[in-house]
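Here is the structure we will look at.
Here the chain labels run A, B, C and D in written order, and each chain numbers its own residues starting at 1.
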Amino acid sequence: MKIGFIGLGKMGSGMAANLVHAGHRVTVYNRSPAKVEALVEQGATRASTVAEACRGDVVFTMLADDTAVEDVVFGADGILAALSRGATHISSSTISVALSQRLTAAHRDAGQRYVAAPVFGRPEAAAAAKLFVVAAGAPQALEPLTSLFDAIGQRTFVVSGQPAAANLVKLSGNFMLASVIESIGEAVALVGKAGVDPLQYVDILTSTLFSAPAYQTYGGLIARREFEPAGFTATLGLKDIQLVLAAAEELAVPLPVASLLRDRFLALQAGGAGHLDWSAIATLAGRDAGLNHPA
Amino acid sequence: MKIGFIGLGKMGSGMAANLVHAGHRVTVYNRSPAKVEALVEQGATRASTVAEACRGDVVFTMLADDTAVEDVVFGADGILAALSRGATHISSSTISVALSQRLTAAHRDAGQRYVAAPVFGRPEAAAAAKLFVVAAGAPQALEPLTSLFDAIGQRTFVVSGQPAAANLVKLSGNFMLASVIESIGEAVALVGKAGVDPLQYVDILTSTLFSAPAYQTYGGLIARREFEPAGFTATLGLKDIQLVLAAAEELAVPLPVASLLRDRFLALQAGGAGHLDWSAIATLAGRDAGLNHPA
Amino acid sequence: MKIGFIGLGKMGSGMAANLVHAGHRVTVYNRSPAKVEALVEQGATRASTVAEACRGDVVFTMLADDTAVEDVVFGADGILAALSRGATHISSSTISVALSQRLTAAHRDAGQRYVAAPVFGRPEAAAAAKLFVVAAGAPQALEPLTSLFDAIGQRTFVVSGQPAAANLVKLSGNFMLASVIESIGEAVALVGKAGVDPLQYVDILTSTLFSAPAYQTYGGLIARREFEPAGFTATLGLKDIQLVLAAAEELAVPLPVASLLRDRFLALQAGGAGHLDWSAIATLAGRDAGLNHPA
Amino acid sequence: MKIGFIGLGKMGSGMAANLVHAGHRVTVYNRSPAKVEALVEQGATRASTVAEACRGDVVFTMLADDTAVEDVVFGADGILAALSRGATHISSSTISVALSQRLTAAHRDAGQRYVAAPVFGRPEAAAAAKLFVVAAGAPQALEPLTSLFDAIGQRTFVVSGQPAAANLVKLSGNFMLASVIESIGEAVALVGKAGVDPLQYVDILTSTLFSAPAYQTYGGLIARREFEPAGFTATLGLKDIQLVLAAAEELAVPLPVASLLRDRFLALQAGGAGHLDWSAIATLAGRDAGLNHPA
């Protein structure tokens, strides 16, 4: 298939490479051209504009946030203007439900197809074609894409005919992670104030009830108070919780834990610690227990 | 070693059997004598009173709750009266921090030793000697017990010189589980109202970010709304959250998620659903979203 | 002074009338012309377009919400286009902080002045010139307006040089009222479940600690479960809490009670009760206590 | 009537004096005898033991807390032992629902009557016989007491046949006050961070929506950050919220605002500020907004 790929960050580079390896003709575009080189060496074609990446049957976007996607889609010579009628935009970025709904309508009005396919997995999983793809869109739009999703991931979940539902599922995953961070923070404050060593406590948790990587990763960071350098900043965490709450508000779904998380992230932000890893919200329970000062 | 073992429920039976298998002389006591038979067949000695189980170097208790432990320890001819000076009471029950502190003082005043050693693991793990033991107490009291803990578990964590710290760690695990239930409940309400199938959603969560058994078990129950028969009732869940909050109050540790959980359990109780599995609190987020009525 | 007045609802009619009575030349505009008549009879001049109401030194707007204000200000032949350089737009509507900031910038860029002057008080107070005016803006813009504020209110508070601060104060008042409703709801659920009559309970509260009208009004509505017809709908209450939270988010101020209120309003909305009086959120505490079903 | 009065603190002294002035024969007892003198000068009789104060038809207790009441009632030669069959114990102290229920049973078993009659009002109101009396108990026990309540208060509310209901109403009043403190704290943090002067803001609130004394008193303390000397310490505030939550738990009534308040008081306590006025919890919203450090 003739594919465009826009956005060659840590995730996008691996995804695009795997599409090349699977035998597709992939034209790649990235705002800063340095990252394009490596893909070209693996067999991709360089696009010097967004429009050049839109000449195939399909164009992927894998960008940082709503603003980046809006620029690339709605800008002059953007995807909306450049993509052929009947061609498909696959959006893999973690974006808001509202933007995904807006993209759905805009592409439909332009006679194009739009599919949301955010992914779960870290950069290493992207490089190894081991991502989990959460896809949503019209069945006739999704059907031809199966081999593409197989090329980048180990498993694809089709969750809805409405693209935005896939974005909601992706965002909900970050809500779930943040709620793990908060509860570890509270538990560590509790047992820590009783004299139990946080590192040993996290070892107990992850040896027994919670063997999942999320607990190991964040439990370790919290126990060691190792919030720099940030894997994912508190400022980005706040943004994602805000996106979850905005989507929930639209659906009239109260989410008390998400509300609490929002307040925690705001407190961290207010204390000037938005640049820390988002697991730093776990320090606030300790602070409220008189144990330490926020990270 | 000469060991008494009081409390032959699903967990205690397996633990006592493994102590027998490890070559210890184990005298067993249970309020309802039916369960004693199986242990005797495996080589244990029957005690017809609590006091008879207290004639060794060590006596384990593995009972349902604070009240059961209080009866057995402080009652006439109870452990406190019957245990020799210098002998050790190992309390493996999930009890309150306050009771563990009270036991610490009472045994010390009686010239006896007291160690808390609650365990993580299900009955099958108890039968297979695969428990995780969280032990706390004076080093000289704990040191001779190593082989006993090895006989019942796959790993022992010594967390503190204060016995009650081990009970707090155990209680905190139930807090962590309940917080998982609540966050799954909120996430399922959110994506469910957007039309995503809860079962598929839980499949996504447990395939990607949350491979831990807790997510698989509770995610499945919640997605299937399968709250009867209860593995662990909401009424017991409420009790454990109350014990966590009581311990936290004593230590002056605010726990906002635990406070929310308490309110959830109370709402379930008030709605007449205390007999359901504790994962039924997950239905309340859906109810607040207008999706369904509480379980 | 030569004054325009746009928006002759229950509040605006009284305010405009009092400006007439104070001797000002007032030109009035209202989208539905019926309400204009009464003002003309009292001495005002009819404007048939927004632009006609913008020919004086000052133009007031007293409209329903952000959208209404945006239409009137930014529309073709709107205030921004029609108002003279150096003239002042006084915005008395309850609008968002963000819109007030946008108006500040837009009027400045157009060489006009902008002042926020939301009011506290009910329609009867507006009619009786007994409002409380919360004003904010540049001192040189505010200074000439003193007599206008005196004509409509019993007291003026100048809170800031930044107009949006006055809007925030106004919005915070609605947050405070909603928090009163919630706490009455919780207290009534508590004592009600213990058998105390809610009406008598509210009588006690308002006779002793809480003689303020807010407690009398909302306490009565809650005790009598009298949520229709709505004085102020739950849907509008939700909107105001959302505006408070949006402003707080911008300032990085966590507001846990406001977060709870948002969840309460969303639950009411999800249950199809957004048309009820906003005091109906008080029923949710009772529902969670198993006492009744939401209004 | 022949009356005993136990507990001559700021409130009790005024109440006892008014009973004397109303023509009753009042025998007074206080642990520290200094305060007895003033009452004797006004016509009361001195009791040197609790039992001496129990020789009449009725004995009032107006003491600091549960412990003080338990000592006086259940101690050797306490009220339970000394009071005649058929005589009435009127408990005006702010005590727990659980203790009030225990007193109900104990007095019934002893053939005595028990009535709860906590009061609303400050010491000045007690001195001026302007208290509000919230009474509960069996009608035949309450009926003869009407003139006594009239002697100490301006109005009596009979709320239930169960004495403990009156204690719950009293405790709920403190919950309502604490929730006012929290919401003022949040609002002041919000507008304060936007540059509005807290003192002026409280002036606006109490001039407009919230003219009640509670808002004036606590709003002023919060705006001036005047938390010492404490009128009512945060430690006592925590205790009362705990009593509210304990009663609510017994009734299965979730109270999310009370849960939040409990966490606020615990955070203050953990920070070493339990000795401050309870309105100091209002500083925590500001702290979370990065505005200041806790009081």
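In this section, a residue touches a chain if its C-beta (ideal position, glycine included) is under 8 Å from a C-beta of that chain, and two chains touch if they have at least 3 such contacts.
Because the structure is a prediction, the values reported are computed rather than measured.
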| field | Chain pair with the higher count of C-beta pairs in contact (C-D, A-C) | value | C-D
| remark: Taking each chain's centre as the mean of its CA atoms, the one lying farthest from the centre of subunit D is chain A
| field | subunit A-subunit C separation of Cα centroids, rounded to whole Å | value | 39
| field | Whole-Å gap separating subunit C and subunit D, where each centre is the average of the chain's CA atoms | value | 37
| note | Touching two or more other chains in subunit B are residues 248, 252-256, 260, 263, 266-267, 270, 288-290
| remark: Contacts from subunit D onto subunit B in the complex sit at residues 242, 248-249, 252-256, 259-260, 262-264, 266-267, 269-270
| task | Quick one: which bits of subunit D touch subunit C in the complex? Just the residue numbers, please. | result | 97, 120-121, 132, 134, 155, 157, 159-160, 162, 164-165, 168-169, 172-173, 175-177, 179-180, 182-184, 186-187, 189-191, 193-197, 200-201, 203-205, 207-215, 244, 247-248, 251-258, 260, 285, 288-290
| task | Name, in rising order, each residue of subunit A that touches subunit D in their complex. | result | 263, 266-267, 270-272, 288-291
